[in-house]
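One chain, subunit A, appears in both complexes that follow, with subunit B as partner in the first and subunit C in the second.
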Partner chain A sequence: MNEIALSEEQRDCLQELINVAMGRASDKLARYLDTFVHLQVPHIDLIASESLPSSFAESYADDGVSLVSQGFYGEDGILGEALLIYRSNDAQGIAEILGYEPDDVSEVEQLTDISSILTTTFLNGLAEQIENQLAYSAPRVVSALETALESHLHQLSFNWDLALKVDISYQVTDYSFNCDMILLIPGEAIQNIQKVLDRILNEF
Partner chain B sequence: MNAFNIGASLIEKINSGVLVVDESFNITFFNKFMESHCLLKSKDVLTKNLFDVFNDLPEKWLKRKIQSVFMLNTPGFSSWEQRQFVFKMRHARPVTTSSEYMAQNITFLPILADESGSEVEQVCILVEDVTDVCFYQEKLKETLEQLEVVSRTDGLTQVANRRFWEERFEVELETANRYKHPLSLILFDLDKFKQINDTYGHQGGDLVLIEITKFIKKKLRQVDLMGRYGGEEFGIILPNTDAEGAFELADRIRTEFAQFPISFGNHKILATISLGVVEYDPSFDSYEDMVTRADIALYQSKASGRNTTSLYRA
Partner chain C sequence: MSIPVLICDDSTLARKQVKKSLPADWDVTTQFATNGREAVDILRQEKFAVLFLDLTMPELDGIGVLEINKAEKLVDFVIVVSADIQPEMQQKVTELGALAFIQKPVNTNKLSEILQQYGLL
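This part shows the complex of A and B:
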């Protein structure tokens, strides 16, 4: 696992890219949702995938969760899977934010829609900065409510070497909801990201 | 043909629907697949408003969806699992599928005014036919439901198998304990079953097991659960039933079954059963405690000459 750990410089650089991407995403979201959107500066963490289940099981121990997954792939071998995790309680009432008629959309569809919007606006913001272009697979609900998160993450951890955990907290004026975003990135793609980070670092 | 013409020609040939709308939802492109599956002609729909051409679309949702692509410059998605179809289109499997309309996965893609910019000029709606996926998913669901039933049923008698019966018993015991509701158990066993097998063969014996369970099932309520506990031993869980009620039912089953001839070829088999009844008491630790006590009562019935009902008394 050590050979793909990020250096301190690379890490700072990535944090900065993520901050900017988050800012752009929140600006876009505010215009789209026609309301004030507050986004906290996200905290990032790189976690070896085998320790991912336990680190999340703790923070979600008491809650039913919903997990939405969406794959992304771009140029220069950058690819991965974005996971958004919601606590059951936070997942309700999304239809209203999105401007849908509540009867018009199922709960699962509300989840996949908001997830896709959050994931793609954020990742597009990230891709723009590294002059990349991303394409996305359709969002998919991995686990419905009331399913243990840990067992799902266990299954995932076989396929991923390193996970970039980005804690995101979205707040919309009258209504707040929180979700965590995790970017699961295979080792090979991490190396490609490192190359990109080094390139940016050299330019400054 | 140059690359551009190849692309244009392929879009007319692919097995997916491609339509493009501008910011006012007016249609600017409509490929062959859309034409043939919607029974519309491109020349008749171009420049027309999407919601006039298709007047049964979920308008509010779809408008918001398309707007998100224009405003955010990100793709949007709609999956058949949440919304089986958006456009009412015929599919290529009209015979083998139960669904009337094509199941669709839809991707909404931004088309930029200028490739290097970020201003979205139009939105491409890509419609994929996933009727096959939907069809197999339905089949899988049906199969899983059947498996679920099979996994909890006794193959011969079609009553609950022991594993499922015990699971349910545990749940009923917890409920009775929590809400202070009465709960009773009847355990019964065919009398001289070995003799029936010796006289009529195993097919005769099997038939008796099938007939006794059928006979009793008719006398039970929806909430009661009969399960095959062992070879010729069965248990009946009776929620909300006290010892008196359970004993009365057990003894009625016993007397009526003794007069119920079972036709086997030219023979009429008259079998009898012995029963043990017990009511739940909070001093019991588990359902196994109840089974043990019902077994003691059942043994008393056997000892006192069979074709008898006994109630366990602490």
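This part shows the complex of A and C:
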């Protein structure tokens, strides 16, 4: 494993960038659903690829979860994956929130709708602050089936040893609907994001 | 005489961003608070003309500071500088007596406009 660590200043800087990006995503969701999204302080960590599946299992052991996974890549070697995770109970509530009739659209489409609002707004907000242009891959929906989730996580962690992991929680209070966003910035992209953070820190 | 200004945010970067975006010709002395609790303690001891206030903070959040300020009238001008820009939040801070709401990251022109509007500049 490489010796990578974020300095205190880098962590503070990244957290502030994430705060602003998640603030924008929440605002978009709040306006879309005409509700209020409760914001919490994001959690930033470094994670080894082999512990990704077990850290997932720990957080979501008792709940079936569905997730929408979307890759992003930009200039200067900035890239990563944004995961939106829904507990199955909440996923069922999404149709109600969006005002869909039963059988109107599939659960997959509903998850993709919410995810595109949150992920795109979040990543655009992040890109703007770091003066980067991000491109996105098509979102992939991974169903609540345990085997599908596990193989997706293995596939995600295939190319790297260590990733920067940011945990963000969106809580829609009116509808008691929660979803978590996990941002994974793997391998060399960590050093590339560190350079960006240093550049921003030098401006202030 | 320079105007005493308190900047309250748990992020070092955000505090510096606010300080740097203050108009160059505005004669101020700035002080920092790293959370709401610290801000209240400072405000109870010293008189400040303007408070720049973040919302999402540990110990005591921005809403908590506004509630205390409403009861104790510690500082007249509170400008909220927040990443949480939801309509409901903007309404809430206005009801609690905040003068203005600025979206993060702070825009220098927008800040000058607000300061001029309230005769602070």
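We take it that the second predicted complex is superposed on the first by the 177 of 204 C-alpha atoms of A that agree within 3 Å, B and C clash if a C-alpha of one lies under 4 Å from a C-alpha of the other, contacts with A are read in each partner's own complex, and residues count from 1 in each chain.
Please note the rule applied: contacts are C-beta pairs under 8 Å (C-beta built on N, C-alpha and C of every residue); 3 or more make two chains touch, one makes a residue touch a chain.
Values in this document were obtained by computation on a predicted structure and should not be read as measured data.
Engineer: Using the touch definition from the top, say if A:D45 reaches subunit B (first), subunit C (second), both or neither.
Structural biologist: neither
Engineer: Considering only the touch criterion stated at the top, classify A:C13 as touching first (subunit B), second (subunit C), both, or neither.
Structural biologist: second
Engineer: Return first, second, both or neither, reflecting whether A:S106 touches subunit B, subunit C, both chains, or no partner chain.
Structural biologist: It touches subunit B, and subunit C stays clear.
Engineer: Who does A:E131 touch here: subunit B (first), subunit C (second), both, or neither?
Structural biologist: In the superposition, A:E131 contacts neither subunit B nor subunit C.
Engineer: By the touch definition at the top of the document, which applies to A:Y32: first (subunit B), second (subunit C), both, or neither?
Structural biologist: First partner only, subunit B.
Engineer: So in the superposed three-chain picture, is A:E188 touching just subunit B, just subunit C, both, or none of them (first/second/both/neither)?
Structural biologist: After superposition on chain A, A:E188 lies in contact with neither partner.
Engineer: Would you sort A:P139 into first (subunit B), second (subunit C), both or neither based on which partner it touches?
Structural biologist: A:P139: touches subunit B, not subunit C.
Engineer: Pick one for A:I117: touches subunit B only (first), subunit C only (second), both, or neither.
Structural biologist: First partner only.
Engineer: Under the contact definition given at the top, report the residues of subunit A touching subunit B in one complex and subunit C in the other.
Structural biologist: Subunit A residues touching both partners: 31.
Engineer: Which of the residues in subunit C come into contact with subunit A in the complex?
Structural biologist: My answer: residues 11-14, 16-17, 20, 56, 58, 82-89, 104-105.
Engineer: Going by the contact rule at the top, pick out the subunit A residues touching subunit C in the complex.
Structural biologist: 9, 12-13, 15-16, 19-20, 22-24, 26-27, 30-31, 36-37, 39-41, 129, 200-201, 204
Engineer: What residues on subunit B touch subunit A, complex-wise?
Structural biologist: Counting only subunit B, the residues touching subunit A are 58, 60-61, 64-65, 67-68, 71-79, 81-83, 105, 107.
Engineer: Please give the residue numbers of subunit A that touch subunit B in the complex, ascending.
Structural biologist: 28-29, 31-32, 98-101, 104-106, 108-109, 112-113, 116-117, 120-121, 124, 135-136, 138-140
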